[in-house]
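These notes open a run of structures that come right after.
Shared chain: chain A. Partners: chain B in the first complex, chain C in the second.
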Partner chain A sequence: MNKVMSNKKVIAMYIAPALFLVLALIYVPIVQTGYFGLMKWNGIGDMEFIGLKNYSHLINDPLFWKSALHSFLLAVFSALSLIGYLFISIILAGKIRGANLLRKIYLIPMLLASVAIAQLWLKIYHPTNGILNTVLISLGVDNPPAWLAESNLALYAIIVPIIWQYAGFYILIYYAALKNIPESLIEAARIDGATPLQIALKIKLPLIMNVIKVTIVLAVVGSLKYFDLIYVMTDGGPNGSSEVMASYMYHKAFKGFDFGYGSAIGFFLLVICLVVTFIISKLTKTKNDTY
Partner chain B sequence: MNTVKTTGSQAIVNEKKTNLGTNSLFSRAAYGIMYLFLIIVAIFQIFPIIWLFLFSLKNNQEVFNMSPFALPESPKWENYSKVWTEGNISLYFFNSVTYTVVAVILTVVLASMVTFAITRMNWKGSKIVLGLFMIGLMIPVHSTLIPLFSTFTKLNMIDNPLSVILAYTAFNLPITIMILLGFYEALPREVEEAAVMDGASINYIFFKITLPMTSPVIATAAIINMIYNWNEFVFVNTFISSEKFKTLTVGIQNFIGQYTTDWGAIGATLVISILPILLAFFLLSNRIVEGIASGSVKG
Partner chain C sequence: MLKKTHTFFLVLVLLLIAALTGCNGSDKASNESGSQKTIKFMHLWPAGSSKQQSLIVSDIIKQFEAENKDVKIELEVLENEQYKNKIKVLSSSNELPDVGFTWAAGYMTPFVEGNLYADLDDVLNEGLKDSFVSGTTEAYALDGKTYGLPLELNIAPIYYNKEIFEKYNLEVPKTYSEFQTIVKTLSDKGIAPIALGNKDRWTGSLWYMYMADRIGGSDVLNKAIDRTGSFEDPALVSAADEIQKLVNENAFNKGFNGLSNDEGKSEFLNGKAAMYLMGTWELPNFTTNEELPKEFRDNVGFFKFPTVEGGKGDIDSWVGGPGVGLFVSENSKVKAESKEFVKFFVEKWGEQAVEKAGVIPATKVDTAKIELPQLYIDVLNELSKASNLTLFADVQMSASVAETHLNLIQSLFGNEVKPNDFAKKHEEALKAEERK
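Moving on, here comes the complex of A and B:
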């Protein structure tokens, strides 16, 4: 057994193709991004080494920080929406008939392409014929806003479809975790006279803390790299009011042909994602969570 | 707020017999409120999609002059035949199918080989290699986009389906390995060990024994991969410029641009683009739920 299963040639043959793809298409590019960030480069012609100029430009670029602020706001709202998802999951994981069907219905938006979702919500937010404003007008609102066309509303209007899209995903995760809690633990607490609220806050939440931690990382990092929906719905507009880091990078590189600067933003995005992941897992580090 | 858990028989365990009557009435009301709340959430989740189906079957007169909640007077199926035949939607559709299928097969086979080598074979460095794949989960696509674009340009692979298929495969390998891993670890090794005793080669064991035994988890991994690939946007939008190579997600962008005022056509296009996923969901919802759960939380 050992001899056959330790055959180096076979092991290499089984690992090599996948490892090559991941190294060539993920790891080499992230190193290259950092390197290209040191260049003045339009993507086609020769590169010119300019040291840390792109990075210092980045630090002093108010438009970049505006997009970073928007990404940060998205992250905050996504993290806050987890509370709502958790609340729904706790109800759902109680003795609810049809819970399985309900959580599947909740999941549907998450399975659809962000591009299709974006097109659909463009229609929902349509100033004159969308359902939102039709309802508002019928409720007596005289001049409902044009939502995505208003620079003080666009970003918040985009947050709604994001919450809509990911609700089912997080509810599914929380539901599975809650269902994993041994029934005997809940029963014991109940016999000891704990109220349902106490059971939820003192027993269920601590027991699924590890899962909550993972979802916070997923929600925050996911928001920091959010792109598709915004690119289609507003393309960062109006007037940069919904620009986020990924869309800013995309505009700089593939529309403005400043590939050096775009690479610097891409590298910065990578560093932020890794640092945030690290910080959140440190901050939310819990003691022993085994049960 | 979570009184819902003290319904029915549970309440009996919990409460003294004297106040059982009022309490069960109270918890029944609470249960009703909870249920109503969950159903409202379900409506919020599903209604925009139903509305999309409605306006995909309407003409402009119905869209602009009548209530958006109204049913179409007579379903305008011609919206569908129009977008399918007039534009490139059918072409985009088949490109999406091709890229999705090729990338799913490639990803699942390569990921199975890696998972087999990591869980079944003895070698130093297997932990490190697994770690490399798992860290890949955290890398934002946008941080790789410019170098990938430049490398594919140099290799003459830009505006070539191969660039998209390879990118799909590389970026889906980590999550696919993650989904497979749990199943492989729980899978009994006796059959494989017996085959080794009988002198079978590793390739024989992998392709004829292990791979068939893992077909349930392969189905789960494949459906998750299918959803990701079908919905992917950035790679195609960046690497592909010819109409003939575009997928639905990118193609419908241009297409909808031409039809900005024809809501029926836009609706029909969107429904066509989401239909395969909805069908897969109705047929395989348990696998999808399982795949998303096992691919997301491993701590």
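Moving on, here comes the complex of A and C:
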């Protein structure tokens, strides 16, 4: 078997199909998107080459930067939420009663489809019949806000379910990483007189640092290109107050029939994600990093 | 042994590739054999979600095939959104079906400019023109030529809940000040006067359009859009102003800017809101839809948008427009037959649509001949009296201006833009489009 696995031809043969698919379905479209970004194209008729006009328009488009700001806000909140998840995971991974059950409870939102989550939260936020406002009214709040309809609240109102949606995912990752720490290390620390807090901060955290880094990248990049809940719940509204980069791209391309500009936004979004990933990996760099 | 596995694997990959690429070629040969001609026809009424429409279509196709033995109709049916997407893809590779559905004005323009739709004036001039309600085929015309034959016609009345009106001794308003009294009475009693779901934005646009029509007359908005006038016309600014006054009088249900049309509508269907401005496509819900309680359906009436004192508008002027229409592909190999089919389709559809599917066709309907719920008959009678039909603003505009318009409507209703700026931003967007 070893002999076969080190035969270069065989390796190439096994890798080829997957490589071909990835190239054809991911990298070729990326290049194409970049190319369409140089065109004036309504998606139907002929394309017209206009050079970098779409990109220069993009740089000067206040609506795009507004949506970019919203995406970054979402990224910041998602990254901050990781601290909470880490905390919960540390508690769950400690020997508390019912940890198993709690873990399942946290995981369930992740099993729901995005659209189902969106519908659920639409009901919660409903201005008159929603659970949230019903509770607020019964607590004596006179005129509770109409969450998704208020331009200064809509974005924050929608960030909550997005963060909630991924809770189970990150908790599961942290939990698994924490469970991988050899019991003997913790035992040794305890014998040396370390407090539970010290064990968590000085032993467990450093040991799962690599995992934490990966989750930060996942959370930030995932937020930057986030689309689904926003599309279903507010469609970027009211008047663009919850628009993010991906939904702006969608609106420009598919509602405004400006596929050239839409492609430019899409390509720019990719560049932003790459840059951010690079920055994060630089910032958190330690020895023996491999990714 | 190992060698064998690899050979097997290779063969498998090759087979897979062959299977993936091989699917294409097979279906071409069969069509062109003999004298049989095939018309490819795509529509967007699947039997699942639009059962009645779908039945009528297959009935029409059967009749057409029976009368034209040498023609066969090949059918493809998709849901609305998928349909739009597929048409977009097919058009970019020049493979549109011979006959298909299209929408008017702004949607249609790029297809016409790309020479994808055949001009249908010859079909209309064969006597078909007179059977259309006036104003409907015009929406499908560009530079004097008609590229689509409308199937549906919708106008937007204000539906109201008779029970609520009776309870508070309210009468159907004829003038805008009477209307405002109703709004005030209802909102004082804690009832939402008007159901609105403005997340979809075109819903609010209807209100604005009527306001503009009643204040400035039926062509002020049209002129602003086709650039023979300006959007900064005083009438259009004061219409925006009136809308904000309505909002500030709490005329609409709470949080309307975050609710979809369906959510807004449910306020009306639940009897929580008293009025609802919407197209006549909602009529089945108020007449034949068994899923809604009969007491509610019997309680729904409608009235025309009231006239504004001192305004130029006329109460018989409607906001509305044709819905979907039929196009024939310019590059079709069976263009003559396709045009024949389209003509046949429009005629037959007009005879059956309203009675069987509750869809008001764009062709004139003889109410004496068919049996219909009273609400339908009233609407059809109003339609025959109509003095003007203004096409939905977002349909009139090009896609990107329509987006600007819709967003501005949402901000207008949300009190985030002043009436003056509302008009100014429209004007800017329309001008920018003109320059292109």
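One rule holds for everything that comes next: the second predicted complex is superposed on the first by the 267 of 291 C-alpha atoms of A that agree within 3 Å, B and C clash if a C-alpha of one lies under 4 Å from a C-alpha of the other, contacts with A are read in each partner's own complex, and residues count from 1 in each chain.
Note that in this section contacts are C-beta pairs under 8 Å (C-beta built on N, C-alpha and C of every residue); 3 or more make two chains touch, one makes a residue touch a chain.
In this text the structure is predicted, and so the values were computed from the model without any measurement.
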**OP:** Once the two structures are overlaid on chain A, check if chain B and chain C clash or fit side by side.
**Re:** clash
Original post:
Touching A:216, do we find chain B (first), chain C (second), both, or neither?
Top reply: neither
Original post:
So, A:280: does it touch chain B (first), chain C (second), both, or neither?
Top reply: neither
Original post:
Regarding the shared-chain residue A:58, is it in contact with chain B (first), chain C (second), both, or neither?
Top reply: neither
Original post:
Should A:43 be classified as contacting the first partner (chain B), the second (chain C), both, or neither?
Top reply: both
Subject >> First, second, both or neither for A:178, with chain B first and chain C second >> reply: neither
**OP:** Determine, under the contact definition given at the top, whether A:169 touches first (chain B), second (chain C), both, or neither.
**Re:** first
Subject >> Touched chain A residues, chain B compared with chain C >> reply: B
**OP:** Once the structures are superposed on A, label A:115 by its partner contacts, choosing first (chain B), second (chain C), both or neither.
**Re:** first
Original post:
In the superposed arrangement, does A:255 touch chain B (first), chain C (second), both or neither?
Top reply: second
**OP:** Name the contact category of A:131: first (chain B only), second (chain C only), both, or neither.
**Re:** first
**OP:** Quick one: from 5-13, 275-283 or 419-427, give me the piece of chain C that collides with chain B in the overlay.
**Re:** 5-13
Subject >> On chain A, the residue positions that both chain B and chain C contact, one per complex >> reply: 4, 10, 14, 17, 43
Original post:
Touching chain C in the complex: which residues of chain A?
Top reply: 4, 10, 13-14, 17, 42-46, 122, 125-128, 146-151, 154, 234-235, 237-240, 251, 255-258
Subject >> Residues on chain C engaged by chain A in the complex (per definition of touch) >> reply: 2, 6, 9-10, 13, 88, 91-92, 110-111, 113-114, 116, 198-199, 201, 253-259, 263, 267, 272, 399-400, 403, 407-408, 410-411, 414, 416
Original post:
Which part of chain A faces chain B closely enough to touch in the complex?
Top reply: 1-2, 4-8, 10-11, 14-15, 17-19, 21-30, 32-33, 36, 43, 87-88, 90-92, 94-96, 102-116, 119-121, 123-124, 129-131, 134, 164, 167-169, 172-173, 176-177, 186-187, 190-191, 196-197, 199-200, 210-211, 214-215, 218, 221, 224-225, 227-228, 231-232, 246, 249-250, 253-254, 259, 262-263, 266-267, 269-270, 273-274, 277
Original post:
In their shared complex, at which residues does chain B touch chain A?
Top reply: 1-8, 10, 13-14, 34-35, 37-39, 41-42, 44-46, 48-49, 51-52, 55, 63-64, 67-69, 110-111, 113-114, 116-117, 120-123, 129, 132-133, 136, 138-151, 166-167, 169-171, 173-174, 177, 193, 196-197, 201-203, 206, 227, 230-231, 233-234, 238, 248-250, 252-253, 256, 263, 266-267, 270, 273-274, 277-278, 281, 285, 288-289, 292-293, 296-297, 299
